[in-house]
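Naming follows writing order (A, B, C and D), and every chain is counted from residue 1.
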Amino acid sequence: MSKINLSVNLCGIQLTNPTILASGILGTTKALLKRVAENGAGAVTIKSISVESREGHKNPTVITFEAGMLNAVGYSNPGVDAAAREFTNLQDVGVPVIASVIGTQKEDFVRVVDGLSAQRFSAIEIPLSCPHTPGFGLLAGQGTPQATFDITSAVRKVTKLPIFVKLSPNIPEICTIAKAAEDAGADAITAVNSMGPGMIINIESQKPILSFKAGGVTGDALRPIAVRCVYDLYKAIKIPIIGVGGISTGRHAIEMIMAGASAIGIGTGVYSRGIDVFRKVCEEISLWMQENGFDSIKSMVGAAHD
Amino acid sequence: MSKINLSVNLCGIQLTNPTILASGILGTTKALLKRVAENGAGAVTIKSISVESREGHKNPTVITFEAGMLNAVGYSNPGVDAAAREFTNLQDVGVPVIASVIGTQKEDFVRVVDGLSAQRFSAIEIPLSCPHTPGFGLLAGQGTPQATFDITSAVRKVTKLPIFVKLSPNIPEICTIAKAAEDAGADAITAVNSMGPGMIINIESQKPILSFKAGGVTGDALRPIAVRCVYDLYKAIKIPIIGVGGISTGRHAIEMIMAGASAIGIGTGVYSRGIDVFRKVCEEISLWMQENGFDSIKSMVGAAHD
Amino acid sequence: MIEQPMMAKICDIQEESPGVKTFFFKLNLNFEPGQFVMVWIPLLDEKPFTISYIQKDLVGISVLKRGVFTNAIHSKKIGDMLGIRGPYGRGFSLKPDSNSCVVGGGIGMASLATLVDRLNLVVDKRRGHVTVIQGARTAAEIIYQKRFRDMKLCTEDGTAGFRGTTVDLLKDLLKKQRFQKVYTCGPEKMLYKVVELCGEHGIECEVSLERYIKCGFGVCGQCDCSGQRVCIDGPIFNIQELSRMEDFGKITITKTGARVIH
Amino acid sequence: MIEQPMMAKICDIQEESPGVKTFFFKLNLNFEPGQFVMVWIPLLDEKPFTISYIQKDLVGISVLKRGVFTNAIHSKKIGDMLGIRGPYGRGFSLKPDSNSCVVGGGIGMASLATLVDRLNLVVDKRRGHVTVIQGARTAAEIIYQKRFRDMKLCTEDGTAGFRGTTVDLLKDLLKKQRFQKVYTCGPEKMLYKVVELCGEHGIECEVSLERYIKCGFGVCGQCDCSGQRVCIDGPIFNIQELSRMEDFGKITITKTGARVIH
């Protein structure tokens, strides 16, 4: 590996590199977070946690297609109390750990944040944008400017940690929603959650494959949409952006950073390139920066803007 | 080729098979329409026509990526008068020809429909859903239920031809908009137009590649989204649906039909499988129907619904 | 590869025991012993099963009737379709030049069946031998009765073969003979004891683990066992790997992600 | 393949005539004579150009200064970058065992340059010979002066070579010698006459057409010439194909899609 400095300061959190494990991928246990950290991630996000435990949708919950992945996991999680027990002594993980917090109403978000407050999370991410779980995200109307403002404000009151608000690529008014989050005190925007939902039908059985029928689209299919969202957001808001969607190579990461992302999330890339996708992406970023005369991630952020 | 009957009756238009050339692909001249018909299409759609001639966006206007295509052509077209001269004696084409009509306001749609009325078009398609042309489609607010109702009603008054209203996959309320079109007298819904817009940045030059920067995403990336739109629409409306988005194989076409489409459009597939994609798709549909005991397209429409 | 089920028609059904049926399909799967497939019943659910038979283009899964899903499979008839995706995971690594013992408990035997077939094919008769131990609660639960050359049985109630557990029987055998490798699948408590025993005797050992499987290809994190994804890093783990997996034999993770004692 | 420009650094610039410069890049392109690439200047535009030089890993494009875009290319310096995607289209099909004549008018010569190089390489000297005709308005516009073995010049004003058009010169040559094949590129009116002449003489002929190019890979329909897409079905068409293309020599289609007389 080259000596290029990939470090990033994200809302005061120091990351050795800009790659972050996206929520919902591998973030079920502390042991897996640690494994991802050992595979090069600059930070990791846990799978979203609600007040009560949830079984999620039945299988199939995750499938792939030519252009990416389709998932409707349905926010399975053991609930905040079990999560608080699972994610103790987070310093063992070796990199900053971001809590992902969900709820059907703003009080739930507050309760989960409270419940996790004794653990050493570095930030709170609130996804208001899941397209396939009744009661949550888009299906609960959390993707409006007003709801975003309300939920973010409520969380803001109960935590001093940086708050990342995670938005949907579906919503034409993504910038308005991001501004609502910014106004409510969010420290960063995570853009984007999975897109759609989409549906894949098995024609022999004449049935949608996912048990929930529809699910969020991620991976390559999502990348141009995510890049455009980040590009638009960079012009619209002042807080930093974590760019997520279809990143699996160093080039993809740099593209997202040039669109305006200060750090980048990786989900589906864990499938397409393996659990060491973080290390691979970092090596590819370094090499490219070296060949192209960049010496810091910061110097590339938003470079695609006039 | 097998003896399976692929014919479809779409709003009274008799098609020998369910594949339709989507608007904006190859539909610039009558000669190309004829060529596409010779390559197996059941019907063809012309490139969208406005009142005045338009140069469209500068190049690059169409590029591809791992999961599909990105385009911002910007509705280049020679205007209604030149189009009326180009598309004379349409019976020469050999299959039904669908006119695609655009405008910045409802009066424009009416003028274009009027201007083309002497030609033998089989239907009028009105795309209210382009995501990347200022003055038109989504960028002109045509993607609301009210605008859809108004424009469709206005066109309804001046033509007896079947009207197809083409919708965007971006809009969460696609069913509401489709119902507005249905209420206004539309005969079918074309679902969907390109998605996004998305953006692809060339990292060496640090610039978006498309001259318009953002453009609509089509091809594989769009397919699950398009299938889900069609699936939802099938439950919401009574008029037939033309399913478009990411179809390049017989399996894709059958998937879309089972989701609820009575016929299917092909655009990006012309790139991925060649201009004879129509013939290939028809052969693949036939073979599959034969192997799986289906004897008409109609018997498969909506089969994925409970 | 695209991770979507393909529908396969059941072309034969074989009853292995009152609770276990094998369903056969004509399918070309590039399957290694130890791997698994996801079996889909549209609109119902999708669950992991081993391929227990491979004969030319014919593959079979042996299913123990346990709950809603396996009951639904059992109600399928010849000509019905099931969705199959995979194979997934890392299979067994064979040690053909030596004596080995394959220890199966209950339906765990299904995961070992193609391994035994393969070992019998590749083991050099002059240098090695394959011993199979199958344990069950009672005689009626024994499967693959006539399938393998040297299969020793044990039942908890003594209705067939040795009375006692597979671990007891293995301990017994070890007094008389030496195995270079043990392969095992069954209830995790049993696996834990087999591993302990192999550790004491310095025998190589590979174990097939079970955890709740969702994606099957390493992204959802549901199948975690101490940082190892059972679906892709396993389901086969060797004794060295298991020694670093604290949860092995102790903790499993449910559908919700909660940790429960095994 | 992914249809996106790759940035390439200009490593050399060569002046071919007062209006034409060649820009060299280190690039590995799988380019066949007759094909073209799309050249991108970020935020400005993207236009089609032929590769006019291939030397190991060095490729060149020769650009005639005409309008906004070609002026912008001309203002580029060594070390600047241009985006390149392609190559696109169907190239010339070579007939190496016979006498051939390559007829270039104006910058059309650029599209023929690598063809002449290739022909000179593959033509069996005992069986065939390559004659090049380059036509220009005036001597100063002649390019590749010293590049080809047997190049005959003609100018409208007589300042270099034969006074008159390439068609006149070809007619003249045909009185003395026989060509089995003619390859040509230049203004469409000239191409039309060359094709006519070849038709009369029963000579095989391949023509490089120009139409407004947008996508370059056959989807936008902008480059139509009577149902043929110049970008992918062409830009090279033979005399039989051209005979079925009514627009050839008569009508072209502009950026908007309007038909205009050539």
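Methods note: a residue touches a chain if its C-beta (ideal position, glycine included) is under 8 Å from a C-beta of that chain, and two chains touch if they have at least 3 such contacts.
Nothing here was measured: the structure is a model prediction, and the numbers come from that model.
By the document's definition of touch, chain A and chain C have no common neighbour. Spacing of chain A relative to chain D, judged by their CA centroids, is 51 angstrom. We define each chain's centre as the mean of its Cα atoms; on that basis chain A and chain B are separated by 34 Å.
In terms of their C-alpha centroids, the spacing between chain C and chain D amounts to 67 Å. Among the residues of chain A, those touching two or more other chains are numbered 65-66, 200, 204, 207.
Chain C has residues 43 in contact with two or more other chains. A linear topology is adopted by the chain contact network, the touching chains following one after another without closure.
Every pair of chains in contact is given here: A-B, A-C, B-D. For chain C in complex with chain A, the touching residues are 1-7, 38, 40, 42-47, 81, 83, 85, 214-215, 217-222, 224, 226-227, 229, 247, 253-259. For chain A in complex with chain C, the residues that touch the partner chain are 24-29, 31-32, 34-35, 47, 53-56, 58-66, 69, 73, 76-79, 82, 85-86, 200, 202, 204-205, 207, 209, 211, 267-268, 270-271, 275. For chain B in complex with chain A, the residues that touch the partner chain are 65-68, 70, 138, 170-172, 195-201, 203-204, 206-208, 213-214, 217, 219-225, 227-228, 231, 246, 251, 254-255, 258-259, 288, 292, 303-304.
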